[in-house]
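All chains are identified by letter, namely A, B, C and D, in their written order; residue positions are counted from 1 within each chain.
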Amino acid sequence: MARHDSNADPAWRWEEHRWRGAIEKIRAGRSLHPVRWKDGARVCVALSFDSDHETSTLGHGSMSPGPLSQGQYGARAAIPRILALLRRHDIRASFFVPAVVALLHPDEQRRLVDEGHEVAMHGWIHEMPGQLTETVERDLMRRAYETLAKIAGRRPVGVRVPAWDFSPTTVGLIRELGLLYDSSLMADDEPYELLEDGEPTGIVELPVEWIKDDAPYFVRNRAPATVLDIFKAEFEGAVAEGGLFLLTMHPHIIGHRSRITLLAELIEHIKRVDGVWFATHEEVARYCLAHG
Amino acid sequence: MARHDSNADPAWRWEEHRWRGAIEKIRAGRSLHPVRWKDGARVCVALSFDSDHETSTLGHGSMSPGPLSQGQYGARAAIPRILALLRRHDIRASFFVPAVVALLHPDEQRRLVDEGHEVAMHGWIHEMPGQLTETVERDLMRRAYETLAKIAGRRPVGVRVPAWDFSPTTVGLIRELGLLYDSSLMADDEPYELLEDGEPTGIVELPVEWIKDDAPYFVRNRAPATVLDIFKAEFEGAVAEGGLFLLTMHPHIIGHRSRITLLAELIEHIKRVDGVWFATHEEVARYCLAHG
Amino acid sequence: MARHDSNADPAWRWEEHRWRGAIEKIRAGRSLHPVRWKDGARVCVALSFDSDHETSTLGHGSMSPGPLSQGQYGARAAIPRILALLRRHDIRASFFVPAVVALLHPDEQRRLVDEGHEVAMHGWIHEMPGQLTETVERDLMRRAYETLAKIAGRRPVGVRVPAWDFSPTTVGLIRELGLLYDSSLMADDEPYELLEDGEPTGIVELPVEWIKDDAPYFVRNRAPATVLDIFKAEFEGAVAEGGLFLLTMHPHIIGHRSRITLLAELIEHIKRVDGVWFATHEEVARYCLAHG
Amino acid sequence: MARHDSNADPAWRWEEHRWRGAIEKIRAGRSLHPVRWKDGARVCVALSFDSDHETSTLGHGSMSPGPLSQGQYGARAAIPRILALLRRHDIRASFFVPAVVALLHPDEQRRLVDEGHEVAMHGWIHEMPGQLTETVERDLMRRAYETLAKIAGRRPVGVRVPAWDFSPTTVGLIRELGLLYDSSLMADDEPYELLEDGEPTGIVELPVEWIKDDAPYFVRNRAPATVLDIFKAEFEGAVAEGGLFLLTMHPHIIGHRSRITLLAELIEHIKRVDGVWFATHEEVARYCLAHG
């Protein structure tokens, strides 16, 4: 699929049906924000880790040993630290895993499942779906689905699109696979139902945001003190609104010695609040679909 | 309009009439800084929100669902939080709205007007005026003017050019539409009259600055503590000089849980000072034209 | 002068005479760090302002009204604030002024001289000397020299090359004009004599550094608290080494309400130390040449 | 070696043997993390300085006097400050020196050796190995090896690849030269043995990370307070895990007045902990090979 050439076809020339069609292709529908969370909890906290590991390099077609070693750090040094922290706090989280990472590190995925965590879809090799034809996107999603099901011993029920690069055809493929939820879009803080061309799809969206992601801060700015303040403020906002605090992290980013302490501090901060429900993305999606 | 090729035609080759002509095309004229503000206030505070929503994506010719959902957040999650905050503090503000946003969210614009806020012009689809011919720029400005007038039920009296990309022909089109003010240029902290080719135009400029804009901090740096300090320092400077503190924000940027608290803190900080006049841009422009 | 194509002619292929010749073309010679500063001062503080104003836009061949208005802010709003601050503290500083800025704002330059400040060279229209032929560079430097001499009523004795883009031919042109000093290079914290092809030139270099410049912080990062800490630490280092603290600023950058207070705080911090000599660049260069 | 064109040959098309081969070409093997450090120390601290000096400019094929003077600062102003600090604290460190820097500053290298520091390899002229053919990479590594041996009076036993741009052929050349260790890859915090195509090589990897490097913070962000916090947190993590804290710095970056104080504070912070072993990279590599 060729990229749009905005010089040859500038948006101010588009007829109304065209920009309206673009808007309505995929859009937020009814809110699934439940009146109260499970067992009367005031706020829901869903921690997720995108285990990109070596595919953050391979996905760009690079085979350079240096960046690949940075990815291997995710599996070798970071995942053990993350699991130790989650175990210490008795928290279950969701791990979004590209199929190639599952093939390179199958024991890691089995260990995640054994410890009660969710393993969900995150593309084949961290490709960019928005640059693929629908045929290729379908083929990669199906192979990713089957690979994860086989290695993790359980069919995935959710997906986070690599680089959050949701394509206009992604939602149709999610429906073909019968998935419960997506977690790649950003139209709200609270869960909502996805609309396709204005029609309800039954798919739960668990929205993400760059604000609630470790990568933009650490890859560019490297400012841990500020990051902790922002994550706490987002959590406080979720408490005030009785809502969801969903956080995206990456093992090879958050798993370093100077950063895992930030996640530890955040969890301790959250635990000081009464009425917190820590849940996997799957649990949140099922609960919201039933009570939203 | 082709972009200037600075290699083929470097500025050091230009004759004096050429660089002088460029300088004088649009320039700051007499100051409209009033001796005192309305009812004897010491300082004037003008809050504005550029409601780009989905046009921050469409304007670049992109139809990608992810960035579009980030824009939809502005309408769905951010505007309600902003209106609640303004209502709580009994403040009227100005909203600069691209015509396509008004067409996509007409109820939002009517609600703004109902709550006493100003709805003003912000282009057709967040296009870049500096890249348009005068004919296209005129056509888009007229359609934007008529669209806003129809949806908001009141003719707009001011404009903020999308991306502050004021073209050499913009001022002529502002005069054709009979607008009161522009708020896109940066030659002063205080209101001034625009000169065109050295001649007074009668148009009030309410100057902006990237320093007093949420976007450069949050899109790039994401450092809320620092931003609040800078905004407070700009406000203190305005108090010290008996001047104007004009702030530009964007719903889809400032409206997040971890950022709306920053605006709340800023407003509380401002309210601790005696003699503050909170005004819409229209009110400021009318007052300065009469008393500047 | 075409830019070097590092793919066609990579540096690892160069013979020794070539990389050694590049190194020795312009290089730091003997230190001119005096044993003590004037009247026994412990430390020397040289404040400078590069008055780029509108040429920071024109120099790139742009005539866009928005960026030009940002430059006009330097002359209209910032210079008065800077002069008021320097007057309050009885400090003389150096202003590096492109010739086109002097032609656009002749009264400003005369006022600087009247208040005891130095007006020195800063190119014709803020062009990049490293991209010019020697003939063009010579012509622009001569016209800039004559323009400044005529408007300021006094021949300039020093130069800061625009964008610090010192070319291999710049030093020869400085000698042709008989200038006392340059302030564009970075080989030391203390003044030194420039060598050309290994030979002493008699020209004083007053070194600069991006660390001691307002632009990299405010154009990109906008983090004033940190900047003040860094500037103070550089000053403390100069005190500890009995050296020079030379600071580069830009009126249209430092002159904003939230930033001029930073300069005010820095000056107050410096004045708390005993034995500070505030000097113009010319005074520093003359003193170091006599006592270095 | 041409760069990979990821559009013509996207990674999602690769067969398993291809991405698996890329991963296994160079990979982390068995951990060499010793049960305890020398003389029962709890933690090992290895400080290193990449003395790029003028080659940080020459390496890109640039001969611009300004950037070259910034490099000369490393030799002229920074190295003396760094050596004074290390001497005051009786610490031996490792300096990674491009051969061209050794040829330009031979006395500096001899002084390093005289004061007990290690001088190790860092390329010929700070070229990018990943862009070279194997033949060129071999020739430059051999010449660099011989140049350092001759000037420093001792054969180097380790290498840090310029820009950490480890190529698929680098490990073979390290074996040809019989080096003890590399310090350019990032798969762990603790030393490990390098695997080539899955086979142990006997080469010790002393891993680096951008987190523990001065350049990303100061070249981009210039935020010293934060940097000190991050370095301290990395050190605390090493203490907690009984591991290695390896820090990469650059004289022309860390050696400025406002930054050398950061290194001084860090060293004082580290020295407050009991059981710290400060070691050169060579000492760490030999110890880990014997006890890891």
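Things worth noting here:
In this text, contacts are C-beta pairs under 8 Å (C-beta built on N, C-alpha and C of every residue); 3 or more make two chains touch, one makes a residue touch a chain.
Remember, it's a predicted structure, so these values are computed and weren't measured experimentally.
The greatest centre-to-centre distance from chain D, using averaged C-alpha positions, is reached by B.
Averaging C-alpha coordinates per chain places the centre of chain B 49 Å away from that of chain D.
Separating the CA-averaged centres of chain C and chain D is a span of 35 Å.
For chain C, residues that reach two or more other chains under the stated contact definition are 220-221, 223.
If you sketch which chains touch which, the chains form one closed loop in which each chain touches exactly two neighbours. For chain D in complex with chain A, the residues that touch the partner chain are 4-6, 9-12, 14, 16, 19-20, 22-23, 25-28, 130, 164-168, 170, 184-189, 207, 209, 211, 216-217, 221, 223, 226, 229-230, 233-234, 236-238, 240-241. Within the complex formed with chain A, the residues of chain B that make contact are 54, 58-66, 68-70, 72-73, 76-77, 100, 103-104, 124-125, 127, 132, 136, 140, 221-225, 256-258, 260-261.
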